[in-house]
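What follows is chain A paired twice: with chain B in the first complex and chain C in the second.
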Partner chain A sequence: MTEETPMGLEANREALYALMLEAEREKALAMLLDHARRHGFQSAVSEVLEPVLERAGEAWLRENLSLAQGYVAGKIAEDLLVAAAEIGGDLKLDVKGPVVIGNVEDDYHSLGRKMVAVFLRAAGWKVIDLGNDVAPSQFVDAAVEHGARVIGASAMMLTTAENVRHLRTEIDARGMGGRVQLAVGGAVFKLRPDLMQEVGGDGTASSAIQAPELFERLWAQSLEAEGA
Partner chain B sequence: MTGMERVLCALRGEPADRRAFTLALSLYGSRLSGCPTREYYSEPVRYLEGQREVVRLMDPDIVFAPFALPFEALAYGGEGIWLDRFPPNVRKPPFREHGQVRPLGDDLLRSPGVAYLIESTRLLAEEFGPDKAVCAVVTAPVDLPAMLLGIETWLETLLFDHERAAHLMDLATEHFLRLTGACFAAGASFVAVPVMFANLRLVTPALLEKNILPELARAFGQAKGPLVYHHGGNRILDHLGLYSNLPGVAGFLFDPRDDLAHARETLGLGRLMLGNVNGPGLARMQPGDAYASVSAILANRAGDRNFVLASAHADIPFDTNPDTLLAVRRAVVDAGAVA
Partner chain C sequence: MKDILAITCGIFQAEMAALAPRFPRLRFVHADSMLHMRPDLLQTHIDDLLAEHPSGKVLFIYGDCTPRIVELCRQPGFAKTSGINCCEIMLGREEYRRLRKAGAFFFLPEWSMRWRQVFERELGFAGGRGAGEMLREVHSHLIYLDTGVMPVPQALLQEISRELVMPVTVLPTGLNQLEQAVEAAQERLDG
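The block that comes next holds the complex of A and B.
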């Protein structure tokens, strides 16, 4: 494997970002696989994909990126991870975490959660995805079983976001507050910024693309809370 | 002047004795009448009783038929969620696969939830029709597939399977025309259409221009009465120019973050604009803050005859202080006549 020149890397990032904006998923994957063939999957992820996702996250914050474009970014990342797993190689997966995620009880809006899972995995996190309609005890049982320090709970609407309170209660009732940090997300949390604290969350992010940064912060808070 | 006359003045750009106004107090009627929400959203007569209380408290110029879009998805199957103090919702989308979605034809109008929407509209029009505008609310044809299949599946289809997307939008347009037709036949003065998937915060520019706007134009152009383009929870100002010539659209309801002065520049004089009180935000506002906020909007539009003060986003929350709502009305009255 050879090392890409800084100019070559920058050109690849620009090309990938443009393909993502135009929802050219197959072309984006082909470009990344070509890079991976020459420079390795780790380089494709950390030197091309991650900077592009970071740029996409910044664009999202400025409201210059659509949900569809964010979704395509997630699909491109997912396609690359699948290809890396099939082909094998140098990509370091599951080096952080584990963390547990799911949609809270009665919530079936899985899009955001699935995107969070993809972006976390691309950033090296081991993700235990419990799916939709997850009871508070299931979240906490999974966190205990896997030794997760962060639970990510997704809810799209106010009615289901209220169920995050029950998860907060369950974490606290088992004496795990502080060690287990509660990340919350979903459209309603963006619409009502106070809601995260109201329902007992420890942190939130404005989009799935920002999830890795949030989980890093909460993981560090968990370690701090334990005095580790 | 009656409420209807004020609304017509705003539509035609004529002076009025005061600014026409409305708040989406569909749900709030259940609080005012003390009717449990499940009964309120099942029995058109209970809905009418709630709206009588809304009129008694606020006397708005426009009354709302039930703001309960999930009934449209429930007509196709699936399970509703009924919670106190909230409108009904859909537990999960009725379909998992595109192939399962079939047009309902007239069965749409016979499904319990949709029949309730239409009968409630009829009762409102019968009681308030001559004096007040009656607004029905219907899902946009580009959004219905998201309710039927889930946002993820619809997004995936829009992006990567244009043939299936076109087929689903055909079905959704038929649904839209059937339902809006029934609302107009029941006496709705206009239909507000919250539109989410025609926004650059959700879709790509290429999808919007090549796939979505042509479908909206086709659907709106065949509607049997005037439509109000509702911002659907996102800002619309920055691409308002793309929508401004859609057929059948009598007015635009703006997001609270949209700048109304810029919106007027984009639309030009003579087009109806509505907005842009943060409806759900009123639940967290003291009456004085609501008065100041609404007064600022009214001052911004002081010389604009084609403007109706209206709440944006979804329904006013159940737990909103009635004094906050009355402060909105007071601000409208204190602003005086539209010269």
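The block that comes next holds the complex of A and C.
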């Protein structure tokens, strides 16, 4: 494997971003695989894909990115992870975590959660995805079983987001507050930023693309809480 | 006497026109159903409507489409139709959940007519490319809810089914659930 020049990397990132905006998944994957062949999968992820996803996250915050483009960004990341798993190589998968995610009770809007899972996995997290309509006890049981320090709960509407309170209660009732950090997300949390605290969340992110950064922060908070 | 302002999602405009004689106290104001895609704009629109009508009772014929609706309806003088979205309002809670769990994605008459606008302009799937793939991640089939206010657009449904690559079925719902939901909301308003 060889090292890419800074200019070459920047050109690759620009090219990948353009392909993502144009929903050219196959071309995007081909470009990333070409990079991986020359420089390794780890470089393809950390030096090309992740900076592009960060840029996409910033565009999402400025509302310059459509849901379709965000979705395509997730699929490109997923395509690369699948290829890396099939081909093998140097990509470090499942080196962080594990973390548990799911849609809260009564919530079936799974697309956002699935995108969170993809972006977390691309960033090296081992993700236990519990699916839709997950009861508070199921979340906490899974966190205990897998030793997860972060639970990610997704909800789209105010009424389902309010079910996060029951999850907060369950975590605290089992004496796991602090050690188990609660990440919350979904469209309503962007619309009502104060809702995260109201329902007892420990942190939120405004898009799936920013989930890895949030989970890093919460994982560190868990370690701090346990050390204190 | 029309003493209740009924702020109604445009997705129900034809259905509520059919039901209007049963609700003589409701004064209907319709909002563009595409605001569902922009909850922040929907919120602003509702605030503007309420500023124009500062007194009197308000009934929302809406799902939980923006937190503002839900929170207002916890106050006296406001009520909404029960249901997290328009499909649940049309189907009732149990049937909606049963079908949703089975993988259904629903189309109501008004949105069926505007489906390209939803997927291409609002969600950004240029030429509809990728929309079906995204839907198929979480849904297995399409259900058109035939409320009975217009002929079932068979050709259009086949076009949607073909382009999204998902089977479509027609489920006659009539207007009973919607009528009951509005009736119950009006009772809560008076209660």
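Quick note on the criterion: the second predicted complex is superposed on the first by the 227 of 228 C-alpha atoms of A that agree within 3 Å, B and C clash if a C-alpha of one lies under 4 Å from a C-alpha of the other, contacts with A are read in each partner's own complex, and residues count from 1 in each chain.
FYI, a contact is a pair of C-beta atoms (placed from the backbone, for glycine too) under 8 Å apart; a residue touches a chain by one contact, two chains touch by 3 or more.
Since the structure is predicted, the reported quantities are computational estimates derived from the model, not experimental observations.
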Clash-or-fit label for the pair chain B, chain C on chain A: clash
First (chain B), second (chain C), both or neither touched by A:A83: neither
Which of chain B and chain C A:L9 touches, first, second, both or neither: neither
Touched partner set for A:A225, first chain B, second chain C, both or neither: neither
Chain B versus chain C as contact partner of A:L67, first or second or both or neither: both
First, second, both or neither for A:L93, with chain B first and chain C second: neither
First, second, both or neither for A:A23, with chain B first and chain C second: both
First, second, both or neither for A:A135, with chain B first and chain C second: neither
Footprint overlap on chain A, where chain B in one structure and chain C in the other make contact: 23, 66-69, 71-72, 106, 108, 110-111, 114, 157-159, 191-192
Complex contact set, residues of chain C against chain A: 39-40, 43, 63-67, 70-71, 84-85, 100-101, 123-126, 129-131, 133-134, 137-138
Residues of chain A that touch chain B when the two form their complex: 21-23, 25, 63, 66-69, 71-72, 106, 108-111, 114, 132, 157-159, 191-192, 194
Complex contact set, residues of chain A against chain C: 23, 66-69, 71-72, 75, 106, 108, 110-111, 114, 133, 157-160, 187-188, 191-192, 195
Chain B residues touching chain A - in the complex, by the definition given at the top: 81, 83, 86, 89, 91-93, 150-152, 155-156, 158-160, 199-204, 206-207, 233, 235, 280, 284, 313
